[in-house]
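Structure below; questions to follow.
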Amino acid sequence: MSHYLITFLSALSDAGSLFVAAAGLTLVFGALRIINIAHGSFYAYGAFGATTLVGGLAAGSGRFWLALLAVPLAVACLGAAVEVTVLRRVYSRDHLAQLVVTYALFLIFGDLALRLWGSQSRSVPVPSPFAGSVTIGGGQFPEYDLFVIGAAVAVGLALWALLQRTPLGWRIRAAVEDRELLASAGTNVPLLFTTVFTIGAMLAGLAGVLAAPLESVSPGLDASIIISAFIVSVIGGLGSVAGAAIGAIVIALFNTAGVLWAPSWQPAFIYLAMIAVLAVRPWGLLGAAER
Amino acid sequence: MDTMHRWAKRGLMRRFVAPAVAVCAAVVGVGCSSSAPSSSPGPSTGSSTGAPVTIGVATTLSGAFAAYGIGGLDGIKLAVQDINSHGGLLGRQIHVATGDDQVDPAIGETVTRNLILNDHVAALFGSVSSAVGAAQEQLAGQYKVPIFFHLANDVGLTTTTFNKYAFEFSPNTDMEPASAALYYAREIGHGPVRIATITPDYSFGLDTVKAFLADLKKDGVTYTVTDQQTPALGASSFTAQIAAILATNPQYVFAGQYGADLVTLTKQGLGLGLFSKAKVGGMYDLQVLQALGAQAPAGAIAWDRAPFWTDNSSVMKSFVASYKSVYHGYPSEFAIIGYSAVQAWAWAVKQAGSFDGGKVSAALGGATVATIRGNITIRACDHQAEVNEEVGTIASAPDPTYGVTLWGSDVLDAQSSQIIEPCS
Amino acid sequence: MTPVTAKGRPVVRALAGHALIATALIVAVLAVAPAVLSVTALLNVQSAIGLALFACATNLLIGYGGLVSFGQGAFYGIGAYVVALAWLHLHASFWISFACAPVVGAAAALAAGLLALRTRRLYFALLTVAVSQLLYVVVQQLQFAGGANGVFGAMLPGFLTSSDNAYWFTLAVTVVGLLALWQVTRSPFGLTLRAIRENRERAEALGVNVFRHQLLAFVISGAFCALAGALFVVYDQSANPDLLNWTESGYPIFMAVIGGQFTFLGPALGALVYEQARDVLLVNFTDSQLVFGGVLLVIMLAAPDGLVGLLGRGGRELVARR
Amino acid sequence: MSAEPLLDIRGLTKAFGGFTAVAEVDLAVWPGTIHAVIGPNGAGKTTLFRVITGTHRPTRGTVRFDGRDLTGAPPHVVSRRGLTQSFQITNVFPRLTVLESVQVAVLARHRRSWDFTSARGRRTAGEAAELLDEVGLAAAAGAQAQTLSHGDQRILEVTLALATRPRLLLLDEPTAGMSPAETGRMVALVTALAAARDLAVVLCEHDMDIVFGISHEVTVLHRGRVIAHGPPAAVQADPVVADVYLGGEQ
């Protein structure tokens, strides 16, 4: 019986890191109507940044917590620079052009990462207070995974508070739901877009740092995460942060179901999940019905 | 001229003739850019001394498997550097041309075709992925250029798509699991024992698990397979698969993952208690052990095609020293195999007294060549090098001389004769 | 008084005249290629021609229909697999299986379209990715389809084994395919499709059954993508799962965007330029993706309407952005 | 006045969740007549139009047109039956030329939009060009719709609806944002076409001069309900209307 609990908790931990990665992507889409493929690059730079800052030192050192603060901010600055120099020119363009531009950025950042961090697999030791495991119902479960679940919930609450309780949050929601209202309220729209994109990049960097102790940090990390983040955002409904949370859980459960019942077909399950959801609700679970 | 007619004519001019002219320009451009002087492929085999001879390395230099491709390339470059410092081959210096296939067969084919036809390479060194390798093998056969596989080791390369210009210098996907099975059998005895497997969901991973289970039975072990997981290649999380495997409480686990995937699988397995509950085996080579650092799972079973640290011969010692002096790090197994493949090619060129692909391949088939991995015999029937595979267990502390946690002292040197399939 | 003769007959004839001259010009240059080019260059052009058909078939959806599908690689792969598997298992004649490829592609496109066209814009794009990735994962599991390595072998008939004949065949099929596609775009159906792209709600209010038109466009595009996939077999004599991967579906989109998605021949030009640029990049630059990304970015920012937009004298006016 | 109304709406109701936008509306429109539907903003005029054209499905009530039940039919079916709308916010095909835009409507009417064979020009250029002549847009035939002036785009908006040869035309504020001169041109165009083609027109308009100038019947909506209907003179004199709409709550 215990392994179902362990399986569920590990699914929850996967959902947590997926949510933090997807939240930035869906927030940027909601406010700016841009699907940012380079979001995967920001995630990878977050993870690589963590390996640089923490290095191979023993788990005891506090360098991980320093990285958890510093690296997302650095990635946020990179995001702001990208938004100001490149994305500002493509807001008026159609979806396809925006996709191709962000894909071009994805390719550029991919090769730069190879130059900066080389091609070797790297990894970050699990940070000290959470290095051990806790026994739950007879099974062993890593403490760090519990930390990741907690961090995801914290990010979710922080985003909820930002969107519901702050003037910036009101403007972001206005950008998502009713563009005309935004302009009429005298908002500095370009500054708002830069802010939202920077927040999106920071979330991607944070997700990267969080994931570094869990997996190997190597080239190709940006491609694998962007596909999962896309699927989670679409299932939840593009533009809805709450939808991203639900989408992350749906994907984690489908993955687990695949593992338990049809291991050899497991990689196909996330695509089946996406097709099933979109067949029932063509604009995602919580997405705004597009006319 | 009524407005309608004039409008139509102008409109059409834009929509058709402009792009039409552009298309023709592009085609003509194509003609010039890539049609190098269409001399016959392959090097000028005459012994015009002095003109450098090129060898081509078409491998993966970007993406998730870049570390493997670059590792092999470093070994090959070092071998060429050593040859050139001793006066080159037949009096001619050797030059290395490279190409990045980005693990995509179509790109791999383009890059390989370009090395053959534009760089006139005298020999080719194959890719990381077997799918790309198979496409390269066809080209090598078509243009009569010897191709040496030092990374891709799918048994198909020496059977289904084999031709006489292809040579496999790495233990193939039959030999590697057979060596692992020998070690497991030595550990287990006759059993009965409970085993689970987890491997990436593509041909290499699936073939490896199938061969391992078959060889284990052949080595007299009775076992029951409790679970078989096949996560996607490059998946970011194996927690669900590990939890499912643990639920069937196996005594032994066989992992087909390698490189970045094996690092991720190990870190997540440690957290879920996989290594404390079962004896896990995987391809824990230098790159994986360096990435894991302090998290390397002591006591886990590890196999590797050419680990330098288990070979105490003076030849290997000096190779490791010279590699370290050039690359400021230690050689991966692919650097070692790549280096030995170049040595074999050089030997065959001297033997045949020419760079001609046909002569070199004929000279090498069935021959025994001295390399940094000792004397290697290349089977005449399928050009599979009769090489050993090393299997051991991960040490509990970093190696004093190399500063990385490597293997313990008890290492099985699985002889090629024990693990190779007879000629079909 | 009225700017046009009663039945508008002279207008149409003039339109057709110019188009034929332009197409004949292109075909003539391409036809001369085998005599002029070396083996490599000929193979490059043959591959580019096949990709031009793939790009124009995809552009029927993107440029004309306003439907951004990221899954056309699925039908391209299906076309290749139909020919390869017919040879492997049924030992069918190449010509029959080659003719069946577009039919199977159309059937697959019908099924996928019924599912995908219920969604709009980005959801449609991502759903088509999901469908083609599902196919990509499934085909690797099917042992009879050669699993992850795909199907290799001498599947071409004697006639096509000579590189010149293979080139002629590819050129002929592509020209016929492009002319058929061109007729579709200039027909009433083509105009209605463009109207739907411009303003779906308005088209519906004028009595156009939007779903059916988009579905038919999806089926036609799927058929021609499968035909291009079958041409891949002529070039490469193999069918491997990577053809179905979403990265493969990205190529025709880049070609259409680079070439100019709002003109008919734009994607064909994009295919030629893309194929050569990629080969040159791969061979000469270690950081080929960095350079390609940079070039793609510059083209997107500097030439929003693709190369044809730049080249066409009045290109700016014809494709003025909304 | 023929025996049966062309458009016969009975007890039409449309609610979005709790909010009832249109409640129990009855509306009858006779062939060849101009019927104005007026009311303050938020009275439910646009929702009523959207339900009639099939963009929204009615919660209750029936829509009969030309003797056949059209309740809940999708927009393209409603349009094919001969009931077409032009939009309040200009809704044309930006990158199509004026001629091409009209040809799309003509093709749809002839059910030729599935035709792959003939060039689109042969079948429909003539008819489209004649219509452009009638509405005075012939000179702009080759220009892209997005390059036209606002007034011309409004005229193109109506022309597209006319090209489907409707029996009834729904005009949602056709003169919105137009100069007096352009308004005069539009009013003249609508009345001429109504007479020439025995076309019924349902007009939603704020400009009272137009409403009481050219319409044969007027219906006044307030908070989704019909509060008055009849000939213009009677409605103008009706105290309820004056209180609620003209003088009262604005």
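Order of writing sets the chain letters: A, B, C and D. Residues in each chain are counted from 1.
Following the convention adopted for this analysis, a residue touches a chain if its C-beta (ideal position, glycine included) is under 8 Å from a C-beta of that chain, and two chains touch if they have at least 3 such contacts.
As the structure is a prediction and not an experimental result, all values here were calculated from the model.
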item	value
Smallest number of contact steps required from subunit B to reach subunit C	1
Co-neighbours of subunit C and subunit A - touch as defined	B
Chain centroid nearest the full-protein CA centroid	C
Farthest chain (mean CA position) relative to subunit A	D
Whole-Å separation of chain centres (CA-atom averages), subunit A against subunit D	48
Inter-chain centre distance, subunit A versus subunit B - centres from mean C-alpha coordinates, in Å	33
Distance between the centres, which are taken as Cα means, of subunit D and subunit C, whole angstrom	41
Chain centre separation in whole Å, for subunit D relative to subunit B (CA means)	71
Residue list for subunit D, restricted to those that touch at least two other chains	125, 129, 141
Shared interface positions of subunit A, touching two or more other chains	110-111, 114, 264, 267
Touching two or more other chains - residues of subunit C	3-4, 8, 11, 15, 137, 141, 201, 289
Residues of subunit C that touch subunit A when the two form their complex	62, 68, 115, 118-123, 125-127, 129-131, 133-134, 137-138, 141, 201, 250, 253-254, 257, 261, 287, 289-290, 292-294, 296-297, 300-301, 304, 321
Of all residues in subunit A, those that touch subunit C in their complex	29, 35, 86, 89-90, 92-93, 95-97, 99-101, 103-108, 110-112, 114-115, 227, 230-231, 234, 238, 264-265, 267-268, 271-272, 274-275, 278-279, 282-284, 287, 290-291
Contact set on subunit B toward subunit A in their complex	61-67, 69-70, 201, 227-232, 234-237, 239-244, 246-247, 259-261, 263-264, 267-268, 270-273, 276-277, 287-288, 290-295
Subunit B - residues contacting subunit C, complex	2-5, 8-24, 26-31, 33-36, 38, 61-62, 98-100, 102, 104-107, 109-111, 113-114, 117-118, 130-131, 134-135, 138, 154, 156, 160-161, 201-203, 206, 232
Subunit A to subunit B touching residues, read off their complex	3, 6-7, 10-11, 13-14, 17, 56, 58-59, 110-111, 114, 118-123, 125-126, 133, 139-142, 144-145, 211, 213-216, 218-221, 223-225, 228, 255-256, 259-260, 263-264, 266-267
